[in-house]
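Look at the two complexes coming up: subunit A is in both, with subunit B in one and subunit C in the other.
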Partner chain A sequence: MNLDINVVDKESVAVVALAGEIDAFTAPKLKEALLPLTKQAGNIVEVNLENVSYMDSTGLGVFVSALKSTKENNSELKLVQLQDRVLRLFEITGLTDIINIDSTVRGGS
Partner chain B sequence: MSTLNLDLSNYRDLLKQYIRTQDETALYQAEQFSKLSMQQNISPEEIINVHIQALQDLYPDLPEGIESSMNFLLEAMISYGLAYQEFQSLREKQLALKSEISVAANMQQTLLTTVKPEVEGLDIGAISVPANQMNGDYHHFVQNNQNTLGIAIADVIGKGIPAALAMSMIKYSMDSFPENRMDPCTILESLNRVVERNVDPSMFITMFYGLYKPETSKFYYSSAGHEPGFYYNAREDKFEEIEARGIVLGVTRDTEYQQYEKTIHPEDMIILLTDGVTECRQGDRFIESEEVLDVIKTYMHLPAQQLVDQVYKHFERLQDFHLRDDFTLIILRKQV
Partner chain C sequence: MEPFDFIEIKVPAKSDYVGVVRLSTSGVANRMGFNYEDIEDLKVAISEAMTNAVTHAYDDAEDGEVTVGFGVYTDRLEVMVADHGGSFDLGKVKADIGPYEQSEPIENLREGGFGLFLIDALMDKVEITSDHGVIVLMTKFLQENKVGLDDDQISTTQ
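Showing the complex of A and B:
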């Protein structure tokens, strides 16, 4: 399984649309795409997970380091449209308390 | 039949024999010749060179064009020879790495070994199987003087060697905690500080810590973002999720963890696991947690150790004996 990463980097808002699976194999690629965006001060990085059907804990690791980077660089991270299975992972790990997650619109079919 | 020699006369004789008779044995010998050449690190262009000389011996009047074409072929083979040499040296390096990793894995095994304790009135089963050589899951039993039993079950996010090293760090921190500060919430709070200070930002650890006091039959527990376990209520013959909220270790400083407690009755079970159990896949399909419980139910009549072994075997079979993730399952059952 693969992960497609589509970045639209407009002024002060970067929308990162992901499709596929985030696991130990695809996580490095995601990290490479995501971290530079969080390093621009004032940037809002919005990650759309609507088409992510599976994520394992390595994926959580990427979002945690992205979050830490936003704190250091004065930018913002926001996750939107998570599928239930992926959202559950953020809930179990307590990360919903520290990551801005908009789960009002769910992803998936 | 003479033994095969890697020399020109031998090759020439073989070639001659084959050209005359089209005999299969000569072909077979040619195959043996090439295998032997590989063992002796003889490059493909050297074999072609031998072939050219043999041809010249056999056919002194070889048309010039053929001879030139053979030299051409020889040049064309040089890169293959180099690639093969490189392959050989990589293979040697890989063997060396493999043996280093297995030394590390053995070391980890020795360091992290935990003895399943004998606690009166408690039947305990535990299994932990790594997906790869090194285990990113960790479980540990702590039995102290007051006859209480502490159980830690953890999963390092991030796999392989870095995860294993982080586990060793956790284990040694836990060993250094004083016995009178073994409350689950206190332990998680201390470990959180250790992990937060020491680990790189993309790595963190989920952990569930439980403490059982036999004299009151109370189970105290806290969770740092760990996959929820299950509680089996024997009187109602029902499973329920062990709810415990808390953020994973190593992400925020000075986190406080909530502590919960539960009274355990005879025949009740506490089931602790890692996400290697609940994230099992059958083909493209995920196993739902009800299915995990169904499997546990099937083998529930067995003693705890046999029960966890059977559940593991079930999921191993289901995934064609190829684990995607480390698998750890611990079951405690209060005896009558």
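Showing the complex of A and C:
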């Protein structure tokens, strides 16, 4: 019931690997780690959700505010390797239309 | 009245305990025979209701509680999430509750953004009352086994 956040911040690309659950308890920590990365102009922030086994609307909220921040700061947000259950929430809420999600390689198995 | 088992859990109104309620939900739903997909739906829906209760119910008081009640029926699971912290009588609460209307001005729940929308999308029935604290009552029906004994093939969807 926790979330591990591993950030590898290279030149112009930040890879954020998440493992665990994103809920009301862990979302603030994620927001704190993610938002500063989106504030560097030109940065591509790639979030890997392969090991995220659970997410709810608190996670959607974090990614929406990160997306807003990328628009303001001219950076880019990309979500990769989402598990089916997590991807489904983005689909139900219509967020797949506005967030760059690469679901060609699915997480989990 | 239709017979049912009732399970009540009371937790502090803190986000720390959303995960605890989620695990309990998973346990109850699994015991009832819900399939994997439905259990995941239930986990999200109940976490959303818990998050709403935790985020908005106790802005002024730090020692609030959230009460979660599971009504276990043979064909469905009814879950109540109440942010008033007190115990409640399932029958009485159901008599007070009305259908959830999109136009209902429950400011606190609206602020949850996608939360209430997801509850509505993932559960079969959702009712909300806000007379004495906010109470969300959600129902999910057990899916009948779709493959009958007489069926000679199973269709799969890709």
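One rule holds for everything that comes next: the second predicted complex is superposed on the first by the 109 of 109 C-alpha atoms of A that agree within 3 Å, B and C clash if a C-alpha of one lies under 4 Å from a C-alpha of the other, contacts with A are read in each partner's own complex, and residues count from 1 in each chain.
Keep in mind that, in the parts below, a residue touches a chain if its C-beta (ideal position, glycine included) is under 8 Å from a C-beta of that chain, and two chains touch if they have at least 3 such contacts.
The model shown is predicted, which means the values in this text are computed figures rather than measured ones.
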item	value
Side-by-side fit of subunit B and subunit C on subunit A, or clash	clash
Touching partner for A:A24 - first (subunit B), second (subunit C), both, neither	both
Subunit B versus subunit C as contact partner of A:P36, first or second or both or neither	neither
Subunit B versus subunit C as contact partner of A:S65, first or second or both or neither	first
Touching partner for A:D56 - first (subunit B), second (subunit C), both, neither	both
First (subunit B), second (subunit C), both or neither touched by A:I92	both
Intersection of the subunit A residues that touch subunit B with those that touch subunit C	24, 56-58, 60-61, 64, 85, 92-93
Subunit B-facing residues of subunit A, complex	24, 31, 56-58, 60-62, 64-65, 68-69, 85, 92-95, 97-98
Subunit A residues within the subunit C interface of the complex	1, 21, 23-25, 54, 56-58, 60-61, 64, 85, 89, 92-93
Interface residues, subunit B side, partner subunit A - complex	155, 157-159, 200-204, 206, 224-228, 245-248, 251-252, 275, 279, 286, 325
Subunit C - residues contacting subunit A, complex	15-16, 18-20, 22-23, 40, 43-44, 47-48, 50-51, 54-55, 112-115, 117-118, 121-122
